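Sharing a structure here in structure tokens format.
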Amino acid sequence: MNATKTIDTTGIDIEKIRADFPLLSRKVNGKPLVYFDNGATAQKPNRVIEALNHYYRFDNANIHRGVHTLSREITLAYENARNTVRKHLNAANPYEIVFTKGTTDSINLVASSFAKKYISRGDEVIVSVMEHHSNILPWQQVCEERGAILKAIPINEAGELVMEEYYRLLSPKTKIVAVAHVSNTLGTINPVKEIIAAAHAKNIPVLLDGAQAVPHIKVDVQELDCDFYCFSAHKVFGPTGVGILYGKEKWLNAMPPYQVGGGTIKTVSFEKTEYADLPLKFEAGTPDISGGIGLAAALDYVNEIGLDAITEYEHGLLQYATTEIKKLKDVKIIGTAKEKAGVLSFAVEGIHPFDIGTLLDQLGVAVRTGHHCTQPLVAFYCIPGTVRVSFAFYNTKEEINIFIEGLEKAIRMLK
Amino acid sequence: MTIEETEQEIVDEFELFDDWMQKYEHLIELGKSLPIIDSKHKTEDKLIKGCQAQVWLHSELKDGKIVYTADSDAIITKGMVALMVRVLSNHTPDEILNAKLDFVDTIGLKQHLSPTRSNGLVSMIKQMKMDAFAFKVKSE
Amino acid sequence: MNATKTIDTTGIDIEKIRADFPLLSRKVNGKPLVYFDNGATAQKPNRVIEALNHYYRFDNANIHRGVHTLSREITLAYENARNTVRKHLNAANPYEIVFTKGTTDSINLVASSFAKKYISRGDEVIVSVMEHHSNILPWQQVCEERGAILKAIPINEAGELVMEEYYRLLSPKTKIVAVAHVSNTLGTINPVKEIIAAAHAKNIPVLLDGAQAVPHIKVDVQELDCDFYCFSAHKVFGPTGVGILYGKEKWLNAMPPYQVGGGTIKTVSFEKTEYADLPLKFEAGTPDISGGIGLAAALDYVNEIGLDAITEYEHGLLQYATTEIKKLKDVKIIGTAKEKAGVLSFAVEGIHPFDIGTLLDQLGVAVRTGHHCTQPLVAFYCIPGTVRVSFAFYNTKEEINIFIEGLEKAIRMLK
Amino acid sequence: MTIEETEQEIVDEFELFDDWMQKYEHLIELGKSLPIIDSKHKTEDKLIKGCQAQVWLHSELKDGKIVYTADSDAIITKGMVALMVRVLSNHTPDEILNAKLDFVDTIGLKQHLSPTRSNGLVSMIKQMKMDAFAFKVKSE
């Protein structure tokens, strides 16, 4: 564990942390699991699993409308969870935090509701070439429906946004800008403050897709001054099925409801329906109550470890892996931006990513291969996809060594 | 009596009760004794919508003090409303704005102040304070 | 436990069943909990809690796109869960089962997608007066957007649909009929086969809101011949955050996607996006994987007990409660349809439901009070709401006795 | 050789391997030896889209038997494709339609047939059978 010891300076007690994640001690194909697919979904600490367990054993009830004790208690707990999320993002108000199904749901909500009110024929929406499909398709859909035009900020070979092009794309026709905070395929941390400042100078709101940022870096929505921020619980060590939309009060108030049904209203009749205040207006139906509780437990856990320590520790992992992988012949790193977080993508000359993924799996190393739901980006690099290694703070340099050895072996076999 | 004194009075009153039943019986009695809001004030704009029980609240300034009258369609909520009116009515806007209303917790009825939308009580207290603030601003 | 013993003829081993549900042994306000709020959400058997637990401890990974073992295994498990749902509803094909967030999400999906393709100005949509807001508002919303008209089948004093009026409402302008299989406030089992037959005779599809049916009665979508069927996992002893939309292949194929993003596509470019086949076309983003697994565990559990036994046992509870409550003065049962399942709503002359709910809670009895998200229905009866007692197969006559005694006490105090 | 005989032959072949590495090395060799599809058939309509590895499949009827040629951009998938072609090619539509292909499980490569969309192999087998069915219908 020598390699590991050296990074303990960040304050990450790696053995203690790993013991918190039961799945990490699994074996796969007879080998100890090396889980490097955190970008797809993260593993869960005992704290989260226990929170779900406790919820279903002792606290389960429906929220908001019940007068009985269980319902009242869990309503409070759920609203406390909302407040935990608020604090985590440093949002100004708890009602600016909307519980959704995940990042994809959050973006669909904004695209649909925002478009109904603000996007008309000839208007423009700006995304970027490196976006996840979940931050392209909802905009493509509403643009098509409304006769608006979807524009994409191009990237350079390093996988950075070409900011001059962004400035050129911003126009009086631009109604909203939607970009990833951190790219899921490249790891690029985009210059979102600059993006937001430039858009705001023209009164254009900005949505940030934070799915790959929240697990790795501190996010302060007030400091960023973004108008919308989205992320998924399952990528930040929380349960599947729940996510967050942060939206500034003024936008959420102005936008029409998205999904409607139980919980979203003050009064209903067949003649006239009056919608509820924030955030309920956007939370139709019984929410994923256990999901909200589990997400709060996950954020509490992350905050106990500390995001600064996490960022620094993961930076160490990324640097180490980058250095080691560069030693291999024929391996090309995809995404060499100056600012990166958590993700290392690469291609191997003449070898299909799928083959590498398949052989690494035999060695117990779980990586992701393919287009990572970023087909336009992969098309830009003219490759069939990448092999993506994505880290969490429970990963170690030792695991990176296992991966590098495995990769060498795989390349030898496939050449 | 100051607001705190009335709160203490209520706490003393509720200490006499051995169990929840007596407590609720008392609350129900209080509900029945609430000076009903003048029906001309029982209008849509005086209505505080809860998901279930409704509350009507009317505020007037008399000699620098606020006089609240209120009503609810649920009797237990009405009892709670009666307690609030008793504590806050006939005080100056400043006194009302500073009131903590800890007695609700002390007498073990905190659950009625949980923000579950099921009754209009939480919103009513907010409204009482907002009215006080409005009177204060107007008179400055 | 004398009262309980007598209903054991249905084959329900009540003591064994109750032991399966940890939450049922909770105390509330110092009293043993009597949980009669099953219509809002049901409690979960150990089987379900354990399935979630196991998922997060051993199996957690993202599905569909991964080449590594964990991802492959959980993809299979998730698709098996889909098949469990298919079997439970007796759908013809697994890809006719779409995982959603819940009933509300399912109905919003259909309303939005169906409307885009099939509903235009002047068209009509039929719901009923007894619908849950989740089966009114989505239709109201799309009707408003498209200039269509929402019609509601009236009910009689017993809480039954007035079928003659339904036949009158059906017209060449009717594009879809959406009604509850079982009413959440009244317990009425609607004559859905008749409703469907009449609509189909005019080539009009029918959506059934099965949120309150699936926990209580056997549902066979092929026998019903409904076009869409919706329900929520959390009401059928499964986890929060997941639900089902069943749709006939021909409709699901014809309808445009609803939410879009990761997973819903074959190919994406800024010029042209080709959507995936069923059911993926309707499943944007990372799904609630643990939710799907948990739902399958819940349905397995229900099927082991057997829906026939459950229906019969609950019928016994309902009859017993009805008989007992009728003995009380000033109590009026709301909903006296001939065919009822699982729900007993009532009003007490001169007493607000909220007051009754509050006092029953002090006695450990959890009931729901209010409009139950059916404001138009409650308006029909000219009451501020009802007290609703809703059963599950783990409830007992003994609990009904506790409830009745408590109700008597509450009425005495409040009169 | 019948389809079953070829399947058995492959099973025997794979039994020689002690570990997964040898197995995959063999698969990779097979991939390299696959009679590459004529580039004129490597067109969009012969393409079977997987989420990752692509497969091209071309079927022809010769003397009542189907001859498959195929290709893939991933070498391991290509090895699997080679096995399928070796087993199914040069058989009558009926024989192909009845093939169980259990050998994949027996040699421990079942995971390549899991419906995870990551490769086009499952779809390719479906397509092979659909082509067989089409030829069968046409010749009846």
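We call the chains A, B, C and D, going by the order they appear; numbering starts again at 1 in every chain.
Definition applied: contacts are C-beta pairs under 8 Å (C-beta built on N, C-alpha and C of every residue); 3 or more make two chains touch, one makes a residue touch a chain.
The structure displayed is predicted, hence computed values, not measured ones.
K.L.:
Starting from the Cα centroid of chain C, hunt down the chain whose centroid lies farthest away.
P.N.:
D
K.L.:
Using mean CA coordinates as chain centres, what's the gap between chain B and chain C in Å?
P.N.:
38
K.L.:
Find the geometric centre of each of chain C and chain D from their Cα atoms only, then give the gap between the two centres in Å, rounded to an integer.
P.N.:
Centre-to-centre distance between chain C and chain D: 46 Å.
K.L.:
Can you list every residue of chain A that touches 2 or more other chains, as numbers and ranges?
P.N.:
29, 65-67, 69, 71, 267, 354, 358, 369-370
K.L.:
Any chance you could list the residues of chain D touching two or more other chains?
P.N.:
Only 51-52, 118-119 qualify.
K.L.:
Which word fits how the chains touch one another: line, ring, star, complete or other?
P.N.:
Here the contact pattern is something else, fitting no line, ring, star or complete shape.
K.L.:
Chain pairs in touch?
P.N.:
Contact pairs between chains: A-B, A-C, A-D, B-C, C-D.
K.L.:
Considering the complex alone, what residue numbers of chain B touch chain C?
P.N.:
Going through chain B, the ones touching chain C are 20-21, 24-25, 28, 51-54, 73-77, 118-119.
K.L.:
For a test of understanding, state which residues of chain C touch chain B in their complex under the given definition.
P.N.:
Result: residues 29, 351-355, 358-359, 362, 369-371, 384-385, 409, 413-414 of chain C touch chain B.
K.L.:
In their complex, what parts of chain C are in touch with chain D?
P.N.:
These residues of chain C touch chain D: 63-67, 69, 71-72, 75-76, 79, 266-267.
K.L.:
Within their complex, state which residues of chain A touch chain C.
P.N.:
Residue positions touching the partner: 22-23, 26, 28-29, 33, 35, 37, 40-41, 43-44, 48-49, 52-53, 56-62, 65-71, 101-105, 107-108, 132-138, 140-141, 150, 152, 232, 234, 239-242, 257, 259-265, 267-270, 273, 284-291, 354, 357-358, 360-361, 365-370, 373, 375-376, 379.
K.L.:
How about chain B: which of its residues touch chain A in the complex?
P.N.:
It is residues 49, 51-52, 111, 114-119 of chain B that touch chain A.
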